[in-house]
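Below you'll find a set of structures to go through.
Consider the two complexes below, in which chain A is the common component and chain B and chain C are the respective partners.
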Partner chain A sequence: MSRLLPFLLTLLVSGYASGECLTRGTGDMGVVVERAAGSLKVVDTSAHEVLFRVPGLGDLSHASVVYSRDGRYAYVFGRDGGLSKIDILCGTIVKRIVQGGNSIGGAISQDGTLIAVSNYEPGGVKIFSSDDLSLIADIPATPTTDREGKPKQAKTVGLVDAPGQRFVVSLYDTGESWIIDMRIPGQPAIQRFTHIGSLPYDALITPDGRYYIAGLFGEDGLSLLDLWHPEKGPRMILRDYGRGDEKLPVYKMPHLEGWAIAGERAFLPAVGRNQILVVHRGDWQETGRVAVHGQPVFVMARPDGRQIWVNFAFPNNDVVQVIDSETLNIVKSITTGKGTLHMEFSPRGEEVWISVRDRDEVQVYDTESFELTHRIPADKPSGIFFTARAHQTGL
Partner chain B sequence: MSRLLPFLLTLLVSGYASGECLTRGTGDMGVVVERAAGSLKVVDTSAHEVLFRVPGLGDLSHASVVYSRDGRYAYVFGRDGGLSKIDILCGTIVKRIVQGGNSIGGAISQDGTLIAVSNYEPGGVKIFSSDDLSLIADIPATPTTDREGKPKQAKTVGLVDAPGQRFVVSLYDTGESWIIDMRIPGQPAIQRFTHIGSLPYDALITPDGRYYIAGLFGEDGLSLLDLWHPEKGPRMILRDYGRGDEKLPVYKMPHLEGWAIAGERAFLPAVGRNQILVVHRGDWQETGRVAVHGQPVFVMARPDGRQIWVNFAFPNNDVVQVIDSETLNIVKSITTGKGTLHMEFSPRGEEVWISVRDRDEVQVYDTESFELTHRIPADKPSGIFFTARAHQTGL
Partner chain C sequence: MTPATLTCLLSLVTAIASPFASAEVPESRQAEIIHLLKHDCGSCHGMRLEGGLGPALTPEHFRLWDPQQLALTILYGRPGTPMPPWRPFLSDSEALWLATVLKQGGVP
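Showing the complex of A and B:
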């Protein structure tokens, strides 16, 4: 059958449906980012169908998405500083603003009322009402200078939400991490930690919201901040983690958000090496390494922690591998196709959705049998985000 | 203001709304069981409002609820063997059957297609289609005899869902645990473990879906089954856990589902004692005890694991206590009112909803400030179940 036909059918369905809104549960819905077209596909994860296509979202070449607490609204953070609020029940853009010059990520507050965006240009964090995207707080980053000596603000990276109506963010140029307490919305209370390490480029928060861990571009090691004890300040862990003295060629810095936590083990993408690091959570010491197919990008645990799924940087981005979290054996290698960019598990883990850019499709696999069960057409898909994220800290 | 007024307003709103269905996200919805009236209140956890009242659900004196994967349908398991499918967007009963004589709990399969119910009378497990509640499998329990020597089936208890499209259940009279594999729906594959311990009365599964733990009425200790390694069979843990030689008066056997897992610690309600047991998860050894206000019933971790909330059996069921999971200090005691029966956290933990039967209300607390922020009228409320459960194993 022609590859075009399902795509045309999808367009027809979208055209029909976008005139009215759906009355249905949102728990089994999600969005797929179409990076080149600047659009989203709204999907039904039970029927494995596309419900809507939402165009007009600007530059989505490095986009991320968070959800309102009711699961109805997806907030899309675009590379061009665009922030869009999408109604996934109606397939419409509720509101779209361009809030900065170059944004790289965002987060939604614990109570769902605030959207925070971190910006490269002009630097700093802006915080908006999740209701109407009106500006609540504009937090400039630390002043610094660029290569030509001109004044600028530090780039903000690794922005996450944390319990207690807080956000945590790092400053690339100045090596800081900030805790932004938004309990009084108009009055951000900021706790600044300086000298956390050289050039933090991304960060993650553990699923329980306790540990904030920033990756460093300027030196080996990671900066760990215990949010239960911010008074202790950040400390360095995994002093060997990074590019090392050899300064290996790094095809793509791995996403820290993609770290997998499974039981007492954390699985980390090595930087510049075809390896996964295994780390004990209690003391953050490395306990082993797993040799894999390429330089890992996302290292994700199936929700039950039994399997670790890994995708890879160019030129090895056509394969996904599955590691048994107990034996550390690779139990499966799947050739998905060139440009395998992202993975998302169904909330209870029976399926994984994988975006394969160069095949213009999302592939759905049964995680027990590793069988390819569905193909969903999408135009150069990248990030996949399901509504269950609405209920999880840091996602 | 009269206590009756909000209740009447609620009835009016319900009456108005039940004629039509709502187009809205389901991620911030839930139900409150009204145990005496045999009805449910459908609630909005963002607005703190009642959306619908759904009567006609039979005996809900010991009811539990699971959700479809889209979050739209609540399946209610009643004491009288009733199984009801409720559309929470419309406030209507989609279908109701009486499937057994005396049921005590149920579960929904990992993929959301199957509903399993465990029965005291006649014993056994029935499995239904989540779509139309048609019978898919009827699994009789082991034959045994009652006190008068008449033949009967063993009571089934502690039914949970597990990854891999499985259910796990225990048999009270015969001391067994069964793994029911439903990958081929019409052909349940059952793995039976006998001699797990004397009179299992309830069970839990850890949030990652790995460990199934049954509480025993007939002896001290708990039976633990590692579902990653069923070939190893169940083993006894916590040999001191139970009523002990003194055979303390037990006002209410604690709910095992209410165990809290926080980091590497598990918090268990002691049986017959005013204590919480602290257990290390790795080796399941007891590491400490916390003295509390009464005999604990539910011991629940805030989603970030920082706090443990506890309610108590009669005659101390008018208080809730909060334990700091790190210091093990009691950081707060709240007098909620007589008949404090259940608690449910908002998915990211900023709020907890507490049902207070004798005050005919659900109280909502801010978990940081411990402030009472909302009161929601409900007729003798007991269980509270939010839709985020749709995405969690064992809930």
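Showing the complex of A and C:
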């Protein structure tokens, strides 16, 4: 042991020194986006510790992350068009490119070889090799004009991966959804659906990869596309959810990333209303509504589907609420603090990590007792992304 | 736009133009407004105000706008677009102060 001790000490110290890499599995790791500083914190979700801080990632004010299928690399999509590949075992940037002027997120292909990025400026989708971030396909969106009549390309939103090495994306300005088939990487095959509804602002795909649902800002309802039967085209669901009541001003658009589903019930945010819509999965009819604290931003099911957690838009973004998915009662309201931006469940749901921007911390709650168990300091945290996403369609 | 709406808008401009003339915003409040700008307006316009779902809030983008028009848009929103009215959160003089800062590109 006496001879081993110096060796062990060296190992211990070097493991945490900058530039050295960890030797461990990544299944209980994740990243927290520090939106203003343009950095990531790499975290250990078992120890509730920060392992690395990775700076130099540009404007991360609306950043999102996907993982390589081996759970080692995090691909970070920055607002400023930056695409960065981060080695979370080493806390280093493997490669970073600026691929557009203004971006809104991305997706990784079914087989893990392709990274697709959704761009506002210039509007379209670019597809890169997940290995070296070299450009594989550049797909401009539909030409249109801005309010001053200048030509531009439609902004792309709601980009997800789908089975069959496909991506699905929607076009904000022109009201379209596109299926991009990448089975032959250099030759994207695009199926375009027009007139899906007015101003799609985000979209999601069910965990089985079958249904693609785009939320609409310009009208009530959502657009549903059955990817088992794309030949049937998209159709409107919940068309009348807002009938008769005045829409409130929207200070932050809801996010449809993630899919809150519990048994046969799906939970969706209503736009411009302090409500969650409950929908029957299958016939897509509304079966109920839950009145909540404010306009919902993220509506997320605990992985077992027993609880639905919701955060809210400005000026009500200091609270999260928990809905019992069976009774539809609000079982808990937690005052987390101003700027509560995102939530991420541990893979099996025993805890949830919540970013609270204006308190510069991530709060960890036990999802059974609702007790605050840990606080992890982070500079203006926004998105939280755990590696379990590596193996989920649409995340 | 009907003549009635125009008159209504014009009188609105006149009505809030006078407090605009003496836009005094205490420094501590200025910091709060800039925080609001970056983090909440930033949801759509980008934290660095270079645009997102909403347009960029740069002097270049606003070259044809005057601060009064901008302040009105901030306060009352822009019907037919996602831009909401910020009147519940900003006074007339605060909106004009913010509009002037944006027009001049003086966001710290």
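Basically, the second predicted complex is superposed on the first by the 371 of 395 C-alpha atoms of A that agree within 3 Å, B and C clash if a C-alpha of one lies under 4 Å from a C-alpha of the other, contacts with A are read in each partner's own complex, and residues count from 1 in each chain.
Just so we're on the same page, a contact is a pair of C-beta atoms (placed from the backbone, for glycine too) under 8 Å apart; a residue touches a chain by one contact, two chains touch by 3 or more.
Bear in mind that the values here come from a model prediction, so they are computed numbers and not experimental data.
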Does chain B (first) or chain C (second) touch A:W284, or do both, or does neither? neither
Does chain B (first) or chain C (second) touch A:G71, or do both, or does neither? first
Pick one for A:S46: touches chain B only (first), chain C only (second), both, or neither. first
By the touch definition at the top of the document, which applies to A:E350: first (chain B), second (chain C), both, or neither? first
Considering only the touch criterion stated at the top, classify A:L89 as touching first (chain B), second (chain C), both, or neither. first
Based on the superposed arrangement, let me know which partner A:F370 touches: chain B (first), chain C (second), both, or neither? neither
With both complexes overlaid on chain A, does A:R306 touch chain B (first), chain C (second), both or neither? first
Which chain A residues are contacted by chain C in one complex and by chain B in the other? none
Provide the residue numbers of chain A that touch chain C in the complex, in ascending order. 35-36, 59, 61-62, 79-80, 102, 104, 120-121, 146, 155, 157, 172, 199, 201, 217, 249-253, 314-315, 339, 357, 380
Tell me, which parts of chain B touch chain A in their complex? 21-29, 45-46, 67-73, 89, 110-112, 163-165, 183, 208-210, 228, 263-264, 282, 303-306, 326, 347-350, 368, 387-388, 390-393
Can you tell me which positions in chain C touch chain A when the two form their complex? 38-40, 42-44, 46-48, 50-53, 55, 77, 82, 84-85, 88-89
